[in-house]
Amino acid sequence: MRREVPLVLTAIVGLTMIIAHFIPPFNILKDLFEDWFFIIAAFAIYLGVLNLLRVNADKVYKKQRDWPFGVVVILGFLVITIPGLFFSGGRSFLDIGTPFYYLYIHVYYPLSATMFALLAFFVASASYRAFRARNVEATLLLVAAFVLMLGRVPIGDWITAWLPEGYRLGNAADWIMDFPQTAGQRAIMIGIALGLVSSALRVILGLERTYMGGD
Amino acid sequence: MNQENSQEEKSFWEKLLSIDRRIIFLFIAAAIAVPLFFKVSMHIPATPVVQGVYDAIENLPPGSKVLASFDYDPGSMPELQPMAEAFFRHAFRKDLKVIIMGLWPQGPLQANMALEEVFKDEDIKAKNLQYGIDYVNLGFTAGNEVVIDRMGHSFEESYPKDGQGTPLSELPLMKGVRNYDNVDLIYNLSAGYPGTQEWVQYAVDVFHVKLAAGNTAVQAPAMYPYVQTGQLAGVLGGMKGGAEYETAIGKPGIAVRYMFSQAIAHAVICFFIIIGNLAFFSLKKKKRS
Amino acid sequence: MSGEVVGVWIGAILTLGIFSFLYKDNPFYKFSEALFVGVSAGYWFVVTFWQYFLPKLVDNLSLAYTELAVNGRIDYHWVYLIGGALGVLMLLRLFPNVGWLSRWSLAFVVGTTAGLQFTRYLQSNGILQVKGTILPLFVSGNLNTTIGNIVIVVGTFCGLIYFFFSKEHKGAFGGAARVGIWFLVITFGALFGYTVMSRMSLLIGRLDYLFGEWLKLI
Amino acid sequence: MNKTHPPSSESKSTFFFLLFLFVLFFLFTPFSVGAEEASEVEGEPVQEAEAPPTPPTNIRAEDNPNDKGGIINISWDRSADDGAGANNVTAYEILRSTERDGVYEHIGGTAPGATFFSDSDVKNKVKYFFKVRALSPLGTSESLPSMAASSSVQLFDFSRLTLFILAVIIGLAIFYFISKARGGKELYIRKIAGLEAVDDAVGRATEMGRKIIYIPGIMDMDSMQTIAGVTILGRVAKLAAEYEAKLEVPVSRSLVMVTCRETVKEAYLNAGRPDAYNDNMVYYLTDDQFGYAAALDGLFIREKPAVVFLQGQFYAESLILAETANLVGAIQIAGTAMPSQLPFFFAACDYTLIGEELFAASAYLSKDPKLLGSLKGQDVGKFIFLLVIFAGVALLTLNSVLGWNLPNLAEKLF
């Protein structure tokens, strides 16, 4: 019961989804099952959130290293959830002027955008370290990256202004994107399609089942 | 003397190779911050892909309805928000009616933020635009491309109510808007999935509606083929595309101002790559000799 | 001080908090990080409730209920009860004795994903890409397209050969695989360089916020 | 286009030819328009201009193919007055009736210039007739009714036939090699460097007494990449249990947390060390992409893990994680099937599994012949694709060299 039912269920549901793709009256199952997925995930989020709160409460209670920041996590969670659920006009909680919107704009957004912006720095440090002409492969990597980086901004065309129009860095960047890049991307994508198909079959056939746990 | 010199030189190249990354960070920060203070306005003429977007909106008669789908979140704001603001400015000046929606949870909110900004303009304030008559915000609906597909049959199926909970039938603007047949253009701002690709595949290819889009620079090249085949009227790619569009509507905004920083930062990264390789090769040469 | 001004100050301080990580880990970053984790977990919790839980489960069931109460008809929307039941099974994990029942929901999710993505990827990543690669190697009167097509066909062909698992990369096969790697590497380099633009604009946005909106220097 | 290519002499001559045509067009257009206007004035009485627009013609109604019914597609030829003049058509309205000469009801409309409408409000097997009405400022006019049309359920979607055949062939190939491997036949599988390194990396973590941190991507269980990431976790956890290394799995989705717990627990059980497992090894942080990245950055810096696995579906946070892990000197073994993120892993990580290799990893690490057999099946799929590309390219090339003028086969097949 504990193990067999889930395996059979996976197989039935998986095969049904594949077959449904080819039988128009069954197409509706796709939408329905996706909706069910959202419902399951919406229930599951309670498990995650409870876990997060418990871990941090534990940390505070046991006075582990950095415990004050456990308090911050819990407070942060409550500070946005309580207004979001109860004091922000229900479903229109994201409208301009609600307390939830205020927190979104002045707390959530700056944090999120700044974290994202760290990438500007990491792109620089990673390219400094990785783009060295050690061998043929590394050199190709370097040259392609270099051409694209300069070709995308006005500087690229400015440096190569002495070349006839149509042969400048911007054009080279476009050419690399259009042809060799397309080819490499295609090979990767086709490989992914096959890998995924095979992986999905292993899951459906129950060969890959570590995720299902033991008894 | 000679030996000492080479000793010193060697350590210099070596030091350079294992440079503290914080020094690189500092250079990048400076490369972006300093140009912000110089209001260099680079002239950024519209490339044909951008002109396509501009024309698609410019050529609509007043009163036409545009469905604007905001499929991005704050993460892509620097790139897409200028396009959102420029679009609203353009549309409201031309007296177009805008139906806002989002396939990303935060999308409709981004639209609200752009509206707030645009309503500060004198000429637009003077038009005294009304919610429900001149624009509506349908909000977000979960379901990705399935939503696009369903809307082809009926908007109401996916959006029985607008973002504020008002039934569509009570919104004057939505009277007579049943599906894509009743809108004149779709304008889509996209930062990934679901986004422009899905709009092309599920709305343009199936329901033959006209589509113009703005994308992050990462995504834009994947959209060029659609522009060539005419499935897409045009695409604004990244900050540069935004800057071109801003220039085209005659109101240079944030994107135009940012382009200078962008160029300098690229140059700095390339400079470091060159330095890194110089150091790498001088060390290699030394080792060989 | 108005709410807006306070808000900009909060935003600016948190922005600096995250940036401080670039120098080194410090309590200021730890604070911003902890706040971010708490607030973002709460953010998605609220979003999930209003935008997934209510519309997908409650709305559909209330539709079914209204149909029953008003017209006495048993409506199709009752099937959402199964979705709800699978969700409830998930919560049983909180009780060790019956926790294993949640595997049924997991099995459903995994089966759906495997089945759905099987056809989706085979179509969009497989067939459509193969179709896109079938190009003539010679286009009369157009040298650009001719060269471009050759590059695409050769690159895709060799790239795929690199991915073969059950054949040793030796001889001509190995040579083709090597060319395949070159194409992969050029792709990576190009995509990397291409993305730099996007990433820089994010930082521009943040610095503009600090210097402009907060300090009003620009 | 800003995708200007280096101009070749051929494209230049094409350009000039087009320019020539363009100039000709411009030269002669005014005359032809003038001529048309003249004929209109001459041929039709003045009061006729007050009349409604010419009705649309040739109304066709057909069942929408390959669906479960419920949709009829209506198309028509535009009114002659669509697109010009005072009598310009401003909209079309679609009318429907169940009897040819019955009462027609208005069911929708389109913008001028359109020739297509899809009626999604029909009952299967009921016969409908359609008319299209053209609207203009001067009046309206209705077309003749269409032939009867009804929608019906199709039991097989023939537009997906190629996909179906391919799915069956590849599925059977994989299945065949799995059962063949079950028979105990030894299969050759080439070495994958990133996976060869797993053993050493786990060993090194044990030696150093530092943690292994495993990140199964940032997406939920509705992604096969996450599922692949979780199955690889199963193999890594078993190794960690055997080597007695410390494993930590912070995740960003609740369902993934549940699944990872089952996986890791099972792995420890299989390794004979169920006592070493506890639920706290797998914990949830936040659903948020960058909130999660911020927390992981802090974790990396403070814990200084010996190994960081990044296996699953990643977006922009990929480089943030890889660079921070690099900063603390961890061995990074990454893998994803996101083409847009592979460059960053490739540049910043020690080992990267590229696309297909991510899906092959758990089979490879398991060394289970059945699973390895499925990899061989994948190769058959690749071989078929290569064959199709080769044949298609050869045919098209011959076609264009010899000027056969073949119909576009690829377009027909897929």
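As written, the chains take the letters A, B, C and D, and residue 1 is the first residue of each chain.
The rule is simple: a residue touches a chain if its C-beta (ideal position, glycine included) is under 8 Å from a C-beta of that chain, and two chains touch if they have at least 3 such contacts.
Please read all numbers here as calculations on a predicted model, not as lab measurements.
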So which has more C-beta pairs touching, B-C or A-B? A-B
Which one of the chains is farthest from subunit C, going by Cα centres? B
Please tell me the distance, in whole Å, between the geometric centres of subunit B and subunit D computed from their C-alpha atoms. 21
When the C-alpha atoms of subunit B and subunit C are each averaged to a single point, how far apart are the two points in Å? 18
Roughly how far is subunit C from subunit D, centre to centre by C-alpha average, rounded to an integer in Å? 13
What residues in subunit D touch two or more of the other chains? 2-3, 5-6, 160, 163, 167, 170, 222, 224, 227, 255, 258-259, 262, 285-291, 294, 316, 339-340, 342, 344, 346-347, 354-357, 360, 375, 378, 382, 385
Residues of subunit C touching 2+ other chains? 18, 21-22, 30, 32-33, 36-37, 39-41, 43-44, 48, 52, 56, 90, 93, 103, 106, 109-110, 112, 114, 116-119, 121-122, 126, 130, 133, 153, 156, 160, 163, 184-185, 187-189, 191-192, 194-197, 200, 202-203, 205-206
Within subunit A, the set of residues that touch 2 or more other chains is 18, 21, 30, 34-35, 37-38, 40-41, 44-49, 52, 90-91, 104-105, 108-109, 111-113, 115-116, 118-121, 123, 125, 127, 129, 131, 141-142, 145-146, 149, 152-153, 175, 177-178, 185, 188-192, 194, 196-197, 199-201, 203, 211-213
Which bits of subunit B are touching subunit C when the two form their complex? 22, 25, 28-29, 32-33, 36-37, 75, 77-79, 105, 140-142, 216-218, 221, 238-240, 254, 258, 261-262, 265-266, 269
Using the touch definition from the top, list the residues of subunit A that touch subunit B in their complex. 30-31, 34-35, 38, 90-92, 94-96, 101, 104-105, 108-109, 112-113, 116, 120-121, 123-125, 127-129, 131-134, 142, 145-146, 149-150, 152-155, 177
Listed in rising order, the residues of subunit D that touch subunit C in the complex are 5-6, 8, 10-11, 14, 160, 162-163, 166-167, 170, 187-190, 221-224, 227, 255, 258-259, 262, 285-288, 290-292, 294-295, 297-298, 301-302, 339-340, 342-344, 346-347, 354-357, 360, 375-376, 378-379, 382, 385-386, 388-390, 392-393, 396-397, 399-401, 410, 413-414
Partner subunit A, residues of subunit C touching it in the complex: 3, 6-8, 10-12, 14-15, 18-19, 21-22, 30-46, 48-50, 52-54, 56-57, 60, 79-80, 82-84, 86-88, 90-91, 93-94, 100, 103-112, 114-119, 121-122, 124-126, 129-130, 132-133, 147-148, 151-156, 158-160, 162-163, 180-197, 199-200, 202-203, 205-206, 209
Which stretch or stretches of subunit C touch subunit D in the complex? 18, 21, 25, 29-30, 32-33, 36-37, 39-41, 43-44, 48, 90, 93, 102-103, 106, 109-110, 112-114, 116-119, 121-123, 126-128, 130-131, 133-144, 153, 156-157, 160-161, 163-169, 184-185, 187-189, 191-192, 195
